[in-house]
Amino acid sequence: MVILLKKNPEKSQLENLIKWLESRNIEIHYSEGRTRTILGLVGDTSLVDIDLLLALDIVEDVKRITEPYKNANRQFHPEDLVIDIQGVKVGGGHFLMIAGPCSIESQEQLLEVAESVKKSGANMLRGGAFKPRTSPYAFQGLREQGLKILLDVKKAVDIPVVTEIMDISQLPLFEEVDVIQVGARNMQNFELLKELGRMPKPVLLKRGLSATLQELLMSAEYIMSGGNENVILCERGIRTFETATRNTLDLSAVPMLKELSHLPVIVDPSHATGISKLVKPMALAAVACGADGLIIEVHNDPAHALCDGPQSLTPRAFDELNQNIQQILPYAY
Amino acid sequence: MVILLKKNPEKSQLENLIKWLESRNIEIHYSEGRTRTILGLVGDTSLVDIDLLLALDIVEDVKRITEPYKNANRQFHPEDLVIDIQGVKVGGGHFLMIAGPCSIESQEQLLEVAESVKKSGANMLRGGAFKPRTSPYAFQGLREQGLKILLDVKKAVDIPVVTEIMDISQLPLFEEVDVIQVGARNMQNFELLKELGRMPKPVLLKRGLSATLQELLMSAEYIMSGGNENVILCERGIRTFETATRNTLDLSAVPMLKELSHLPVIVDPSHATGISKLVKPMALAAVACGADGLIIEVHNDPAHALCDGPQSLTPRAFDELNQNIQQILPYAY
Amino acid sequence: MVILLKKNPEKSQLENLIKWLESRNIEIHYSEGRTRTILGLVGDTSLVDIDLLLALDIVEDVKRITEPYKNANRQFHPEDLVIDIQGVKVGGGHFLMIAGPCSIESQEQLLEVAESVKKSGANMLRGGAFKPRTSPYAFQGLREQGLKILLDVKKAVDIPVVTEIMDISQLPLFEEVDVIQVGARNMQNFELLKELGRMPKPVLLKRGLSATLQELLMSAEYIMSGGNENVILCERGIRTFETATRNTLDLSAVPMLKELSHLPVIVDPSHATGISKLVKPMALAAVACGADGLIIEVHNDPAHALCDGPQSLTPRAFDELNQNIQQILPYAY
Amino acid sequence: MVILLKKNPEKSQLENLIKWLESRNIEIHYSEGRTRTILGLVGDTSLVDIDLLLALDIVEDVKRITEPYKNANRQFHPEDLVIDIQGVKVGGGHFLMIAGPCSIESQEQLLEVAESVKKSGANMLRGGAFKPRTSPYAFQGLREQGLKILLDVKKAVDIPVVTEIMDISQLPLFEEVDVIQVGARNMQNFELLKELGRMPKPVLLKRGLSATLQELLMSAEYIMSGGNENVILCERGIRTFETATRNTLDLSAVPMLKELSHLPVIVDPSHATGISKLVKPMALAAVACGADGLIIEVHNDPAHALCDGPQSLTPRAFDELNQNIQQILPYAY
């Protein structure tokens, strides 16, 4: 961290600042120039509140040089994290293939999709019970009933499951869910993140629509600083000016996140593009640049899905996709 | 709403679609061209799920022409909504001036600021008890204790108060709060919005960092469709590529929202810019383009604010700002 | 400028770097910590190519602390620049009101508009002869003929004129034009900027659709470093995810640019919003936050304008706007 | 194209509009509802100026349903376009691998890189002579001298070359250049595009930093409508709020552009990310999602490149990348 002081900083204030920093075990490199004075801070600056410094009269600007996250930082965890979900592994070379419908509509629907995607190679089932929808008039999911169906199908097909939570109050219902998903709109629901940090259950943390990679890692840090280290990061498209696709899938996030952090990184090409024809090419691209897994929407009757239909694959298309992925995986980054 | 059909749509599917729409009291204008067929839908299409239509085999594209919100729509509510908050009014020509510190730090601090801003002309007090912070290591607010201070100062100074809620579970603590603020990161916390729709208390709804105006209005619709019509919209800056300011204050949102909706619209220049020097010019600009109010950060010791200090005004600067606003108000749009 | 070195930098390379910097009259503050070494550079670093430094093996990161522009920098030019255009002044308290049609369509049209806007208080006439249009099939302007009409009307009405150049080869035609406009799409047409830097004629430089304020100032620096100091900056909306308005008018750019630079800053609310109803509120807002001028589209028959009609004002609406601006100007920031 | 009329449109104006459209061979589907009237337009609407319609008193809104480009539209050109560049083909299954330094620095440098990349499998050489740089103080390229070196090396190594043009006036120097590159900042330099449309030489058209895919295709249309059909599209990253990478590489643009157009689409991972470590994973991802080629920066001494060094690969890294690409190509989308 580098602090640029204003011209002629008030002496006693400067001394106070230096003492305060030293009391936090931070080494200070004082460097006085003709016009400006710079303080170089060395040590664990992840605990320093940058806004506090900026608020001081004598400070003109502050620049971080090391990242403000520690638990999620690869620098302190050089080895890839491998998360074990009921025997299914992700990270460190283990590829996680999550598939299933956007919304759970009925026991029959989910069972059919689950059996089909498992056969095609999926090792985790997804299915939405609580659905975050922009409009209060759109289908909001089967909720408790949907969750019950999901857990029934989990047992019947013997496959771990992931589903989205929308509020802390729903937590008791998630006991048998294997991975809890935090959706893009809740990436900075800090109360929820803190609560999830107190459990041992793996969390699938989706990147917010306008979240920087650093903010995504800070949200992971919220969970991890509570004691729960099992966080899977998920790139699912960001909001830009482009309107041809629903969002812009930021695939450079994959190698970049893996550079910055030891956490597994997976990709959701279905929500990112919103167009079923683009799911296959973007899934292959995600694999090629080193993603640790994918989360794909599959529907047995995409033309009648209750929500997000246009982006779903048929079970057959999913099967073909899976074969193609197996061909590329050995040569991926 | 206009539905563009694919070439040579399957007849029975088309008939089913038309029957389904007509059962919803929607008039259909069928128009067959050389290469394409168009269905024009007339009626209350706000309840039609656009994704459902897009998912049909025979549909190529769907375009909305009327807005998908009704309760928040000026077309159905031509008169400006005036909200009465313990005698303080906002909307329809009534200007709301909210001021106070970003975070509540102590009874002394809040009392001093409250008395000062009330004297300068503020008619509502703000102060954060629960603080959404990007980093788990940053100051998270005084929480319950902060709320208690706020309510004490409210009585002592006799001024209505607004403060931010971060989770449904905090609701019981907000009983005596006059206006509940939903922060930018919670604009699409739909479970929270539904809950707030069941109460009569006014809600200050901040625009999400990457929310479109339509999404903001859809979130208002979540609250209003539950029965609570007292929603105040707040523009507070959006996320763009520009880094000179913290966010980009989108002031065209003010006249645009007032065109689309009858709800009051206020502006937060402090958070949008993140720079105290920009608060005054942007506050004046907001007034000039027709904002129904402002929410301004004021701190008695900005240089030592526990959070967001760089964007706070001193009580003296706030007093000057207020005088300047009074001069511009009569000539505002 | 601060250089963060990699761990254990190679000694001879470090010595070379230091020598090279010192040869450019740059003072170096060397600061070695437990894990990292920082070089603080003090002096005129505007001439240092940041990419060159980043390319060095021993360098991990480089952060600028002072701005990379000098001619356009208020730090070196504390007084507002006042530009004199045939007796009409802009900057330093002088307000420039430019008005006229988007495209020049005929002598009759331009003459009528020019006389009308001059009467209403405009002190400069705009009119497009060369039109940058997204589609090759859209009207491209009257070109040479349009320029001729503009210069005829200039004489007839006795008002200075501004019009857009699209390519260096058109320069000879602009001799009698008072201010040359560089459009948003050409803001980084560096060959054109260099050429304009060799002339004494004032340049109206529009901000690119995705240009940062720093990039806008660097483009001004291109012109100014060639010797032409008469640059007027123009905010005209940036590209964001929001689709309710054509672009997002970034009004905080006005006080921010005036903080960073001594150049006059004007605002174009017509192109930014693309909606005639929004022109008035955004023009008033621009004035309130300190803009040195406005450029407004006015058309005698907006419903039949050959291009960009929806954003034009009628002469009558412009007259009303002008009166309203005069009321706000005395109280503006 | 669908025109939504205002309520109770004036009859004679409506008749005029209908006559005008019919005179352009456009079929009209008139559909009157309880509250609104819709005109469905069928025929070649690519020549209809949408702004002209929007400007009419009786029109409320206009929505395009077919794309406004024709020459670049796959609907009219179902087969992939294959462009032949001195025997090297791109498109329709032919993969184009362009490599070379960002800037041409000397004959020795370029010759060494050219021989090396050709040996590794590149079939076209790139090298910048005219360099668009944000700062007037940064290295601007060797210009005419650089172009001479490029053409010398082209002959010596027997490899086709591509290099960037920055202004029409430079065209005479480009006679022996095989492919002319239009940079991101010039994507909407319409005068330049028109000029290039009059030549038979292939053009490599880079997407602008904030250009939509439709705008990119409209710029291709500018060139193609002049008679030159040999346009190669290039995705090179767009500007978003994310700062971890220089730009955000929008890989969904690849399958989307290939859906919309028959033109070849290549990807520039070097400029998009600005980080050499990310070049390989993003190059592999581009290949996996169906790109017709790549343009990669290679430098024999990346640590001392005169510009954009941080994003260059060494010849050795390029060789490895090429081998990896050959492994993925057979399984790409």
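A, B, C and D label the chains in the order they appear, each numbered from 1.
Heads up, the rule we're going with is that a contact is a pair of C-beta atoms (placed from the backbone, for glycine too) under 8 Å apart; a residue touches a chain by one contact, two chains touch by 3 or more.
If you're wondering where the values come from, they're calculated on a predicted model, not measured in any experiment.
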| item | value |
| --- | --- |
| Set of chains adjacent to chain A and to chain C | B, D |
| Greatest separation from chain C - chain, by CA centre | A |
| Cα-centroid distance, chain A relative to chain D, in whole angstrom | 32 |
| Distance between the centres, which are taken as Cα means, of chain D and chain C, whole angstrom | 27 |
| Inter-centroid spacing, chain D versus chain B (mean Cα positions, whole Å) | 39 |
| Junction residues of chain C - those touching two or more other chains | 210, 239-241, 243 |
| Parts of chain D lying in touch with chain A, wherever the complex brings them together | 210, 212-214, 238, 240-245, 248-256, 259-260, 272-273, 275, 277-278, 280-282, 284-290, 324, 327-328, 331-333 |
| Touching residues (chain side chain B, partner chain A) in the complex | 46-47, 49, 51-52, 54-57, 68-69, 132-140, 166-169, 185-186, 188-192, 194, 209-210, 215, 218, 221-222, 225, 239, 302-310 |
| Complex contacts: residues of chain D adjacent to chain B | 2, 4, 27, 29-36, 38, 40, 42-43, 61, 63, 65, 239-241, 243 |
